[in-house]
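Next come two complexes, and both contain subunit A; in the first it sits with subunit B, in the second with subunit C.
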Partner chain A sequence: MIEIKGLSKKYGSTQALSDVDLQLRPGEIVGLFGPNGAGKTTLIKSIFGYIPYSGSITLDGEPVTRKNITRLSFATCEHSFFPNIDAKAHAQFYKDHFESFDEKRFNVLMEFFSLPKDKAIKHLSTGQQNQFEVIMALCQGADYILMDEPFAGNDIFNREDFYKVLLGMLGPDECVLLSTHLIEEVSGLINRAVLIDKGRIIGDVQLSELEESGRDLMDYIKKSFSYRSDRVFEALDQLVPEEERHEEMA
Partner chain B sequence: MKKWLSVLELHAAMRFKRVLLVLGTMIVLQMLSFWILGDQSNTQTFFQVLGKIKYGWIFALGFLAMYWALSWPLGRNETYSYTLQRLSVTERGSVWMKFIFNALCFVPLVIVQAGLILLMAKIFEAGKPFAGNAHGILIDLEKDGMLHALVSFSNPAQVIYRIVYILIATACATHMEVLFARKQTPILSFIPPVILLLINNIWYDEFHVAFAAAIIISVICMITALVRCRGKKPLRDILEQQEV
Partner chain C sequence: MKKKIAWNPPDIPAYRIIIEFIVSIFLFVLILCSIQANNALERYVMMDGLPATMMDVIGGAFSGFWLHAAVCVALAIRNYRSFYTNSRSIYLMKRTGSRSEIHFMSLSLPVIGLIAGFILAVLMMLGCRGRYIEMGNYGDMQNCILDIWRALI
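So, the complex of A and B:
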């Protein structure tokens, strides 16, 4: 289990994360939702120790170090692959460094998404690069797969395929933390939603709980973020008088 | 050991095309300048040909291009460090592997240059058996400071000088790559290559102080590169500047 306690992070005078407590358990697929600048990326990078922070992050009771970091994998829209080498060389490199690299899964996914294995990754399209980034994270053999906006730039059909494949192939103990803005799309994939705003966790719910209480994820999120749809009309009223707007609409 | 070699192989795989491009371009430029600028019909000695073809400046271009090949970022967002930081090989270990790879690239640059000069000498000798006999060419090589340093493999002092020369270049290229990857400008590591090129092309004889300065700066560069890669927080510098 990844256990985060009292995690705080400041960039200059900006408080990026403030006293965050969170647990990620084996087998969970967790959606991490929040507006831009809420602290999603900072939270994920803190788990890996890519940035300094205050607080505690442990993996099965141990701090995350080189000894256990291979149990975590990372897919990011910034991309963490090696741009000048091809997929085959990536697979070999991962095999050398990650003992539990799943070559079978790698081959199946590469074929499923029709990605070339002998072309430097920098020559693939952005969408294909995103696919490759996610494939490497899924095939590393990690227990915890952390993804930060991995599908930015992919079309809807592509993303749908990914969700289906992901659901079908994940092992019972594999945990996925998926940071994304595509709430409705992933609502059928995740089993828990964590909401973050201004560096604080403002919501944490199992989707089964929502179902039992007859609510849906979008409503829960809107309520948690105190979303006011009337703000749109207020803004429009200031720009275009209401009668004029009605006339145009008519 | 296998993991370390794998990192070395990775560095090589990512940059070898650029390195080959630099070596190939230098060979083509040197040979073109030999055929076009050399004007061998009115030249009495090989030393005169060398004076005309400005081979030292072409080598200087190749030398600087090698820095580009080894250290300039591979893409707009070079963030594969996220993966390197998840390996059991430390990032410092990765920097040492990079150092070894860089050294393995500068060595052929020097050998190719020496080989080209010897090839040109051979061609000159074949075309002008009287002016370009082996003895005359040997004297020519001794007359030219840079050539003397390049091809005098029998002189231990020159061999040591050349090895130190390559180590300086290697350390600076490694420092450059580490800083470029953090979106910083490696000003310090630009100084030794410039000193080395000035020694090669202008300050043939009185170079000891400048050479010593280049050694000191390159050592500082290498230490800086290693210190930057502290544990698992090497990307801190970039991330501090990014939006949350």
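So, the complex of A and C:
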């Protein structure tokens, strides 16, 4: 289990994370939702120790160090592959560095998404690069797969394919943390939603709980973020008088 | 797990780094050193009326090495930067079990290139020293060695 306690992070005078407590358990598929600048990326990067932070982050009771970090994998919209080498060379690199690299999964996913294995990754389209980034994170053989906006730039068909494949192939103990804005799209994939805003966790709910209470994820998120649907009309009222707007709409 | 040793960052092929070092050694250590040493030796045969000192000759033979060293440092920095260029492969490197691997990948070939350049420069310098002694009557061995060290530092 990944256990985060009292995690705080400041960038200059900006408080990016404030006293965050969170647990990620094996087998969970967790959606991490929040507006831009809410602290999603900072939270994920802190887990890997890519940035300094205060608080504690442990993996099965041990701090995340070089000894156990291979149990975590990362897919990011910034990309973490080597752009000048091809997929085959990446597979070899992963085989050399990650004992539990899943070559079978790698081959199946590469074929499924029709990605070329002998072309430098920099020559693939942005969508294909995103797919490749996620494939490598899924094939590393990690127990915890952390994804930060991995589908930015992918079309809807690609994304839907990915969700289906992801659901079908994840092992029972593999945990996925998926940070994304695509709330409705992933609502059928995740089993838990964590909401973050201004560096604080403002909601943490199992989707089964929502179902039992007859609510849906979008409503829960809107309520947690105190979303005001009338603010659209308020803004429009200031720009265009109501009568004119009705005329135009008619 | 038996891991293959990688001497270069994955994004920069080893052959490219080796070619860069060979070009640098050729240009700076061999050609520039030869020109400098030759100029000094020509002065020794009174072309401008002033004899070159041994320091002029062997110092000239070594001068190009510092340019080669600068190239080695620049290439080491380029190797490190490759983990941050066009993607953040540094994130992947930080997830491997080895803390030292990124340094090994970035520094091993530049250090080998630096050592190779140094050895060649010393050989050039010794060759020039031999030629200088051969051309004159510079027989004071202790001063020769002192001059060599002066040229080095």
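Rule of thumb we're sticking to: the second predicted complex is superposed on the first by the 250 of 250 C-alpha atoms of A that agree within 3 Å, B and C clash if a C-alpha of one lies under 4 Å from a C-alpha of the other, contacts with A are read in each partner's own complex, and residues count from 1 in each chain.
Just so we're on the same page, contacts are C-beta pairs under 8 Å (C-beta built on N, C-alpha and C of every residue); 3 or more make two chains touch, one makes a residue touch a chain.
Fair warning: this is a prediction, and the values are worked out from it, not measured in the lab.
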Do subunit B and subunit C fit side by side on subunit A after the overlay, or clash? clash
Considering only touches as defined above, state whether A:K122 meets subunit B (first), subunit C (second), both or neither. both
Tell me which partner A:T14 touches in the superposition: subunit B (first), subunit C (second), both or neither. first
Answer with first, second, both or neither: which of subunit B and subunit C does A:A89 touch in the superposed model? both
When the two structures are overlaid on chain A, which partner does A:P52 contact: first (subunit B), second (subunit C), both, or neither? first
Please indicate which partner A:P63 is in contact with in the superposed arrangement: first for subunit B, second for subunit C, both, or neither. neither
Between subunit B (first) and subunit C (second), which does A:G37 come into contact with in this model arrangement: first, second, both, or neither? first
Dominant toucher of subunit A (residue count), subunit B or subunit C: B
Clashing with subunit C: of 42-50, 96-104 or 132-140, the subunit B stretch 96-104
Set of subunit A residues, in rising order, touched by both subunit B and subunit C: 48-50, 66-67, 69-70, 72-74, 76, 78-85, 89, 93, 96-97, 122
Complex interface listing, subunit B residues touching subunit A: 2-3, 6, 9-10, 13-15, 17, 74-75, 77-83, 85-90, 231-233, 235-236, 239-240, 243-244
Counting only contacts in the complex, subunit C reaches subunit A at residues 1, 3-4, 9-12, 86-92, 94-99
Residue ranges of subunit A touching subunit B (in the complex, touch as defined): 11-12, 14, 16, 36-37, 39, 41-42, 45, 48-52, 65-67, 69-70, 72-74, 76, 78-85, 89, 92-93, 96-97, 122, 199
Of all residues in subunit A, those that touch subunit C in their complex: 48-50, 66-67, 69-70, 72-74, 76, 78-85, 89, 93, 96-99, 122, 140
